[in-house]
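Take a look at these structures.
First chain A sits with chain B, and in the next complex the same chain sits with chain C.
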Partner chain A sequence: MAIQVSGITKRFNDFTALDSVDLEVRSGELLALLGPSGSGKTTLLRIMAGLESPDAGGLLLNGEEALGLKPRDRQVGFVFQHYALFRHMTVFDNVAFGLKVRPRGQRPSSAEIRRRVTELLDLVQLSPFAGRYPAQLSGGQRQRVALARALAIEPKVLLLDEPFGALDAKVRKELRRWLRKLHEDIHVTSVFVTHDQEEALELADRVVVMNQGRIEQIGSPAEVYDHPASAFVYEFLGQVNRLDCTVEGGIAHIGDGALAIATDGGVQGRAVAYVRPHDLGVTPAVGGPARISGIHVVGPDARIDIDLAGLALEAEMDRERLATLGIVAGDRCAVHIDRARVFAR
Partner chain B sequence: MVAAGSDAVPAGRESAVTVRASLPLFRKPSVLPGFGLTLGFTVSYLSIIVLVPLAALIVKSSGLGWSGFWTAVTTPRVLAAFQVSFGLSFAAALTNAIFGLLVTWVLVRYDFPGKRLVDALVDLPFALPTAVAGIALSALYAPNGWLGKPLNELFGMKVAFTPLGIAIALTFIGLPFVVRTVQPILQDLPPEEEEAAASLGASRLQIFGGIILPAILPALVTGFALSFARGIGEYGSVIFIAGNMPGLTEILPLLIVIKLEQYDYAGAAAVGTAMLAVSFVMLLILNLLQQWMRSRHAR
Partner chain C sequence: MPADTITSTSTNIAVPPVRSVLSEPGWVRFLLIAGALLFLALFLLLPLVAVFAEALRHGFDAYWAALTEPDAVAAIELTLIVAVISVPANLLFGVAASWCVAKFDFRGKNLLITLIDLPFSVSPVISGLIYVLLFGLNGLFGAYLRDMGIQIIFAVPGLVLATIFVTFPFVARELIPLMQEQGSDEEEAALVLGASGWQTFWRVTIPNIKWGLLYGVLLCNARAMGEFGAVSVVSGHIRGETNTMPLHVEILYNEYNFVAAFAVASLLAMLALVTLVVKTALEWRFGEELAATRH
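Here is the complex of A and B:
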């Protein structure tokens, strides 16, 4: 394994940022730390880089105890949300910085530095901008410079703190694909922090979902999306209908018995059922129990607001299906649940 | 100069239109109104407050004629005073740049009990009447003073009534300039740049020299320039500690006062004009240096 975190705890005054966190990052993988703000994900990343020191716990980098090491001795590349480029240096000098500051014995010759920086700028597709200053670049370009700068020291681990957080939606998507491809090419163990579930699910080999200083679930993107381990993960990953229900003998009754679903777990009594909008089926039915209160078309999909005996539900389907059903706002309909997860309350 | 003032007085849309027509070179489309009015005000204000007195000084000294002026400012006594004033102001400004930066660093980077008190102390040289500072310093550093006595007995150092004393007085009055110009810049420096440098393998010294210093250097030069300029013009705090020996510890402002007391108004004006010229050139060079450094930041 590349990184092993064991029992890391960090408090800021009386706020517990990390509460005894254990985590293993496998060599060569791209791992996402996903969570809302204040969940401790950035603190965990900064502890790995040595920019923050934990109150308790241990950290191994490539099997070696790392907590005693200064950031400069950890061989970790760190990419900041707001780039943190050196403003008074050109793009070239920014990327060369990590090589130029090495002690005399380990410092490559200036010709070698030039060759490596040029190579890295090619890799991030910024060779024509070598002589520019950071202020003269766009956000996406700056973040690529920051990445090249971090890669210049040939880090054992690459840590990225909300790397696309400050970019607009289109650039973010492009850069995301590009980073995925880059990771497939160079295979450096990477950990990135994000609060964007789509980003985590698309980019990462494994996703770590964090909440209030604890890890809620670790798994592949498909695992955490399809089989959320907790109510929090269910709510945090994607849209979800949260329905109060009562479970009796394996059957959950929702909305005073308007809907009933079979549950798999051993939950009894008052509970909450989580239903994804695309797992909620709608069929037109004259005199049905539910009413369509609104239809919103978003790109290729349609979002349908349903009123089931005072209970607001949200369903999602593609527009073709919507056209086949031929429903409009105000129609009566019947709803059925294809899949749900019930958690005790 | 006065004509410029009367030009600028009319306000409203019509005058803005005429200015737009007469100043096509400076005119850039802008959402901020009032370019004509504010420029006019600035020029007339600067004229009345700064340029008119300075012009009067030059006019007064021109009564001597070129050769008379030259003789007045190149006597050995005046030249020596030039050396004392500019040399020691430079030394004091340099001292302030180094130690003022250190003070700023401690005030910005660390938390300690009484920090606000220390922060307020920095401004005292601004507020204190300079003569009070001068008397206090000379009493302290005099051969029988609290500091002067041990310094003299242990190291054989004489401070009061020597150039060193002048330098100390100038350092005292110039310190706030460096601290107050560098402080906001150092405060706003994003910690991420330093963290990035640290994770890239830079040592503390490399981070300071390569990341922090380039960012605060323009402000540091400004502080240096202000401290230097203040030192050249300083009178009150210096005359008590200087000893005022002609050719050795006599500063230019004192020499001017001496000339005035001898009713040599033209001579005093000539020395003042020469001082003004040298100061102006030096401050101009410092300003250009700053501009060059800022342009390298490209921001």
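Here is the complex of A and C:
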């Protein structure tokens, strides 16, 4: 186990940023801390790095008690959201910094430093830019310098705060793939913070979903997406229809009885049913209970707005299926739900 | 440039020329520029020329004699001593105060910022008087200081104290906005990378603020050497002992010794010119780096 967080609590005045959080990060994995802003994910990351100290709780790094250690003694690599490159130093000097500031006994020779920095710049494909200043680089390049700088001290753990947050969509996607590949090559235990669910699901081995200073769910990307543990996770991950309903004897009645679904849990009374748009089926039916209020084609998929007795629903299907059904806006239709999760209200 | 292209294309199709919204009619531009230049010449250039003209009225020998006369030399020395003590002191205080304000959050921060500005908002004469009231013979600590045989007012320590007070905001004012804008990300990065607090300060913080710091020090120095009001109150105007250059100028002037007064004044004017030249040269030489550190 690379990192063990137990009962970490952190308050800023009246605001509870972290509320008794427990978390284990396995050696060599790439873990995502996913949550909306204010969920405490960055605070947790900063506590791991020693940039914040918790009000209560414990932290083990590679089995060693770490809370008493200063950031410099924790051997973690930290990539800041806005990179925090040293603006007055060249790319080379930025990457070399962690080696140059070591105490005399542990400092590598300058030839050795040069060799290691060159190697790292090769790794992040920035060798031609060694002499440039951060201001002369693009966002994606700065990000890679920040990564190389963090890796230079051979950290046992790599922590990344919103690593792609400040980049435009295309660069973000490329860099994501590249980071995934880099992680497969060097296999350093990594934790990254993000508010972008797509990023977390695509990149991470495991995803930790956080909300209001607590962990809502920990699991593989497929687990958290297919089996959300709470209403929050359902709403936060992907598109979802949120339907008020009443459950009686295992059957959830939605929209004054216009729809009924069998539930699996022991929920009774007022509840909320969550249905993913692609789990909502549409069949054309003359005189059916619902009406197609709009169809939006987005790339290969189609989003269908449905009005069911005043209830707005959203369904999703590919364009081929839409063509087979032959529905257009204004048609009457029937709606069925393939899969839903019901949570008590 | 856009204005030109627009006019030329529009004349081709025989419509009245369209003027860019941002350019004024020629005569307005002429009036504004001429007004600014005239003002500059009248209020800045003319006095400067007058200082040197008066100083050299009786030739260079008289000028040189006025500068090398013992009281003048003593005044120049004293001014340098005061600057040499108060500028580094304010460099230290300024960096410490800006560091404090920019990198940490604490109760009373706004009060501290207001206090730093205080010397700018208070009349220099009052600044001097404060020290007389505190350390003068009839002041708060007067009796105690007399018993200990320490003289502050009408002596070098008083001059230094008053100068430090008056010039306190220069370095801090220059650095606080700069450091606030830069934030503490880079310091945090350095600490995580294994740097000690001291290494972080010297290798990250100082290089990032060096130009702002230099500006602050230049301005602080110019004021420290040129300060009149506060220093005048605590000095006692003892010739050859507690007279700084600005005070010496006043005494000479009051004695109708114009050549000598303007000779010493010309030194102060030169100090101002050198300050400006150094500042401009730095901006010109290191402009690119300056832009880089300010992002």
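Here is the rule we go by: the second predicted complex is superposed on the first by the 345 of 345 C-alpha atoms of A that agree within 3 Å, B and C clash if a C-alpha of one lies under 4 Å from a C-alpha of the other, contacts with A are read in each partner's own complex, and residues count from 1 in each chain.
Here is the rule we go by: a residue touches a chain if its C-beta (ideal position, glycine included) is under 8 Å from a C-beta of that chain, and two chains touch if they have at least 3 such contacts.
Here the structure is a predicted model, which means the values were calculated and not measured.
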Fit or clash - chain C, chain B, common chain A: clash
First (chain B), second (chain C), both or neither touched by A:H88: both
Partner chain in contact with A:A49 - chain B first, chain C second, else both or neither: both
Residues on chain A lying within both footprints (that of chain B and that of chain C): 49-51, 70-72, 74, 76-78, 80, 82, 84-88, 97-98, 101-102, 133, 135, 149-150, 152-153
Touch list for chain A against partner chain C, complex: 49-51, 70-72, 74, 76-78, 80, 82, 84-89, 97-98, 101-102, 133-135, 149-150, 152-153
Chain B-touching residues of chain A, taken from the complex the two chains share: 49-51, 70-74, 76-78, 80, 82, 84-88, 97-98, 101-102, 133, 135-136, 146, 149-150, 152-153
Chain A-touching residues of chain B, taken from the complex the two chains share: 190, 192-193, 195-203, 206, 210-211, 214-215, 296-299
Chain C - residues contacting chain A, complex: 185-186, 188-196, 199, 203-204, 207-208, 289, 291-293, 295
